[in-house]
């Protein structure tokens, strides 16, 4: 186990505790608590708090310059001389920053989850899974070892499977969980191969040593390895062409979505690539692949976010888009620089996206769903959520002075600078960024307009025809638009004779327990960080050139965003739910709701595999039958022998004669 | 020194005839005769080489006498068995399958 | 010059041979002793066995020779030979004891005992024979009485089987005699000596004759060992004769054949560095035919006959490489095989005696044997597993190791692979029986008590088999 | 100390024989008494095994000089984990049998298999190794043929026979190889089998013979046909022993008899065997995607997992052998867990058809559900569970396969990684239908979260809990076990290649 104390006198290094405490909480919860709610919450909370405290301690050490750069985990694996596997955690400023971020988000998620799942029988399992998820992400964040990275990486995938499939009574949840794990696992194969390639080339699994080793010798092998890793990252971060699992993952409880989207799983790719950045900078091919994947993802996802009928899925697509931004931030970094740009955006995104998801979850509980029809006017009806939503969306859109503005602007700035300097990759990135900024502004504006829509009463009339969130399969979505008639502003069907509207009985006021004080406090903390997070660039944790802003560029960006916002506002006028996307063609919206039919592509891809499996299984059955029939064959052969031996003395004599001749011949010819 | 090939040829003929008799005959006694021919061939072989090889023990001749003796003993047993077979089933045809005891 | 005459060295042969005459004389004097003769015979055989041990106990492993004139000896017993003698005598003693409780007419017992003793003395003599004359005589002395023993059961089936055995044995003997003649022609001596063979082997023409001679001798002996294709009499005869005689055919007869093979191959080891391909072919053919036929055989005794054919293949397998210790290895396998065979036949005799022969001739009727007679059933199980070479019957497994080792050392891959496949076939055949034994009973009626002599024989032989499973060296070490 | 070495295999072997004999004879013993005796013996064996692993005594006596076989028992770092695994599984299967149902014969057969396997891992003599290898056959056959699936007796008998025949063929071929090794090395000491003076072609032939022979036991595709049938037909205890112990004997044999003594021969055949191993990974995974019987599915997944182990072994590097040995143990624990759970499910359901709609296991039997999840998560090599280290290190070793054909092994590594995707697909396929349930059946109402009566209780739950704990422990903290094997390898790894080119 290595040494259990570090120079600061702690018995265990805080970096170890950051991982260990949430993991311990998960273990304790699974083993001891099982079904009781309160103990489960206490354990999970202690785990999260402990993790946060350890992260804070590490932060203090880092700022004070006393943090140890490395700490042991399970001890080095004895794989010498082939492979040096130190299995150590590495502490640097990024790791510290991210660890704190993850710990904060995890804490808030735990707080909110208790309220959100107040009637869930499997809350204990959920809380434990969230703890484990946190531990896994912290492991990826802190890992300085390829093996540890893979451990955390895959463990997150598994936790996401459990969380997405939490409501396993519903087929949609089961399918979404299956899909999420399978798609990411498919991408994990190249990811693992890529890391294996890098590690075996360097004869070590230590990430820093790998970086040192390969920095000296750029080669096609390195490029291949990096591209494999990038493909893996694309899978986990839901980038093209693996993007489709993420919106489906909305089937999970909202706190789970918040965790997956904000600080953990989808961001893990950025973390790993950030560690490998010095290598990435040296391989233009890999950078090109990355910028293409990320660029396409960010634009496409931004557009799809704008089209979604379900606001939770809007957030999901926005995550894809924002992660694309982070990856662009990695692709454009000049040689010799670190991953500050991307990580800054990661932190900011973690804050506002966690906030948005949790608040949306809150709202969805209040209004009974996340489709536009239900969410319309929600923040008006429930003013407590108004400020939080506003902060979240503003930060997401990148409006000054929010954290999102600072982080996004720095990326745009850098891309512009390098594009001007003639870097091809950065030019692609810049174009993608421009579209992305506009689209982000558009879908944020749209979401706000819907949530802030006035016609709550009119909505009630339409409620009957709108079923609950229909998201995963095409079931419902298409039919929703085909079978339900067009409605006018008041929610009445167009073209029908006016029937006197029977006053709908007001829906029974559902007695929803308001989020407890702790949850709200957590949300406010996130909101605060989403506002002031931009100040992070001033700390020594990030080394970014923030005090020489390109004012012209900022102004242009803001103008673009403003123009888009106005356009969206105009579009939204006169739609039933204040939905700007309502003006889009129905077919486009239904296709967008289905993620451009990517699911169908996945299904089509599995078909030949299943067909092959049937073929192989059939062949194996045949083989088994064949083996069995050899027994019959043996018996048949014996039957032939029995016929030859008919029990007469002559048969025996003939055999003897033949034997004599045979023995004589063989003896003479072979001796 | 006399040539070896005439007696050896005779050995081959005797042995072949005996073997043929053994295989072709249905009557057990005739099979017995075939066996005797084969034994005679072996005896002739012994005698032939016993007379050409300088052997102080006169093994060739002695062995021939041995063979004749053994053959006599065999015939005794064989005839007894054949008699038993004849009593048991009324013929001594060796191409008839034996009875099963299951 | 008078030959030397070592009474002690010759004792194993003499006790049995003289005993045969003695039994007949005794019967002439006291005609109504009946089955007591069996006990007498068993005692004589045990005495012979005791007489065979001094060579085995000699730590210097010196062969004992006698009947020597001018430096050539007609009778030499080395360690392997003495071991074979011991095995043959003990096996015959067991057969005598097994036959004891069986009710037969008074006048027939002494004849059968005399035949048993004669046959055994022949087998024992083969182990010491070093010249063609005694070789041929001893082999025939061991064969002819068995024919008589088979026929003496006086059932139609037994007589028919006797005819089959008779014709095959006569032809085989003729072939053997021819082989002996060719040997004499090639080497110019009636002694089975290696330097004579070596001399002949150096001459291209003589070498061919020598090979033919060895081939004929092997073919002649293969009948006795029931190697395919010289085997057809075996299942029929074992199935039709009385169970103890079946045991005799499966044990003592085989000792005589192996002793003959040992004598022949001892002479040609210096000659042949290459493989004796013919032996290998015969061996694997035997295994395959025996196992395949056993797979579908429904009669228990005939099954054992086929099993013997298969086991014979394993027994001669070591001769394929014709190295110095081929004979020893063959004898070692033989010893384990005989032990298992004695156990199996003892159990079947005991069951046949207690429940009637019709209850033991079919494999199917062994269902529930483990419930009715746990002890006998357990012993039979052990014997079958020994044949199959499956632990817990480790003896059978080590025997397989013994037989395979020369093949592998000689890098005869094809042979080894076929042998391995036959190990599998054998297991399939034997497990068929085992499964039936583990299953439910077919005929639940009560049976008579098992005769105490049978119980004793089963107990002693089973214990010996268990001892050999724990300390396989006990059986393997007999041969040095 | 020396006594511990003898007691570990002999107590279960003799005790098992005695139990079977007693059950056959007229003095039939009460089931509870038999259970007590069997459990005691198993625990004694475990204690002795642990003691022996701790103290590392050795015995070396002459046994059968005629075939050069010695009674040579010892433990090194390679066998120690397997010894502990076997003894522990032995206790668990006996415990799992419960005191009500099983006959003394069943318990005796379980003990005999355990004892035989322990003997296999303890002996240091090549010929005695073969002997011990065969020792488990008859009791295992008995387990399948007598106590197997009663619903389809024909299938069961055939499966039992196939198992024995395949294994006998394999082990006899292995014997041929062993004999060549012994003759050429002049000793039967497993750790000193050197065949330096054998020609390259002979080494190749011997290595091929051994790999075919042992490959049946492991099993390597396409020699695996006996495995799915045997697993499906075997009773739970039999399945567990088969997967957790018997298959391990095969891989252990490869390490001892091929990897160490025959480096040149292995070098020649490794590419072919590795291709077959990876074919096993892929085909096993594919069949699992469509297999309907849950038990057969797990059996097929075993084929895939053993493919990983063999692939790692074929690299001939220390890393590869490390990976293989770890994967070996991991598969032992995971498959034991899965078979215990699935055996329990089959008993409750009456069959194990995946297409029958059933209530969600996570609701009906949360404990079994949890165990199933852990088992399949381990099966898909989830980090934090035992299966991960073996498979990920296999990828590492296949990517840097020493002096083997580099491109081929890298392609194989990629294919193996694809195989692990298939593993995820089939594992989740099972979890989706069994653990999460199907919509077509209404929810059962459980009162206040109390454990449902159908769930695992008493001994079954203890067994499951122990196995789950082992799976997690091996996954979370791999270093102790790896140090064991590394220590063991350090003494014998002269022939192993350093690693990456």
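Per-chain residue numbering starts at 1, and chain names A, B, C and D are given in the order in which the chains are listed.
What we mean here is this: a residue touches a chain if its C-beta (ideal position, glycine included) is under 8 Å from a C-beta of that chain, and two chains touch if they have at least 3 such contacts.
Treat the numbers as computed from the prediction; the structure is a model and nothing was measured.
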Innermost chain, where centres are averages of C-alpha coordinates: D
Measuring centre to centre with CA averages, how many angstrom lie between chain C and chain D? 42
Intercentroid distance (Cα basis), chain D paired with chain B, Å: 63
Suppose each chain is reduced to the average of its Cα coordinates; what separation in Å results between chain B and chain C? 25
So the centre of each chain is just the mean of its C-alpha atoms; given that, what is the distance between chain A and chain D in Å? 36
Where chain A touches two or more other chains, by residue: 631, 647-649, 653, 657
For chain C, residue numbers touching 2 or more other chains are 160, 163-164, 166-167, 171, 175, 236, 428
The positions of chain B in contact with two or more other chains are 19, 22, 28, 31, 94, 97-98, 100
All pairs of touching chains? A-B, A-C, A-D, B-C, C-D
Chain A-touching residues of chain B, taken from the complex the two chains share: 19, 22-23, 26, 28, 31, 94-98, 100
Complex contacts: residues of chain B adjacent to chain C: 11, 15, 18-19, 22, 28, 31-32, 35, 38-39, 41-43, 45-46, 48-50, 53-57, 59-60, 62-63, 66-67, 70, 73-74, 77-78, 80-82, 84-85, 88-89, 92, 94, 97-102
For the chain A and chain B complex, residues of the former touching the latter: 646-650, 653-654, 657
Which residues of chain C touch chain B in their complex? 70, 72, 131-133, 136-137, 140, 144, 147-148, 151, 154-164, 166-167, 170-171, 173-175, 177-178, 180-182, 184-185, 188-190, 236, 239-240, 298-299, 302, 361-362
In their shared complex, at which residues does chain A touch chain C? 631, 634-635, 637-639, 641-642, 645, 647-649, 651-653, 655-660, 662-664, 666-668, 670-671
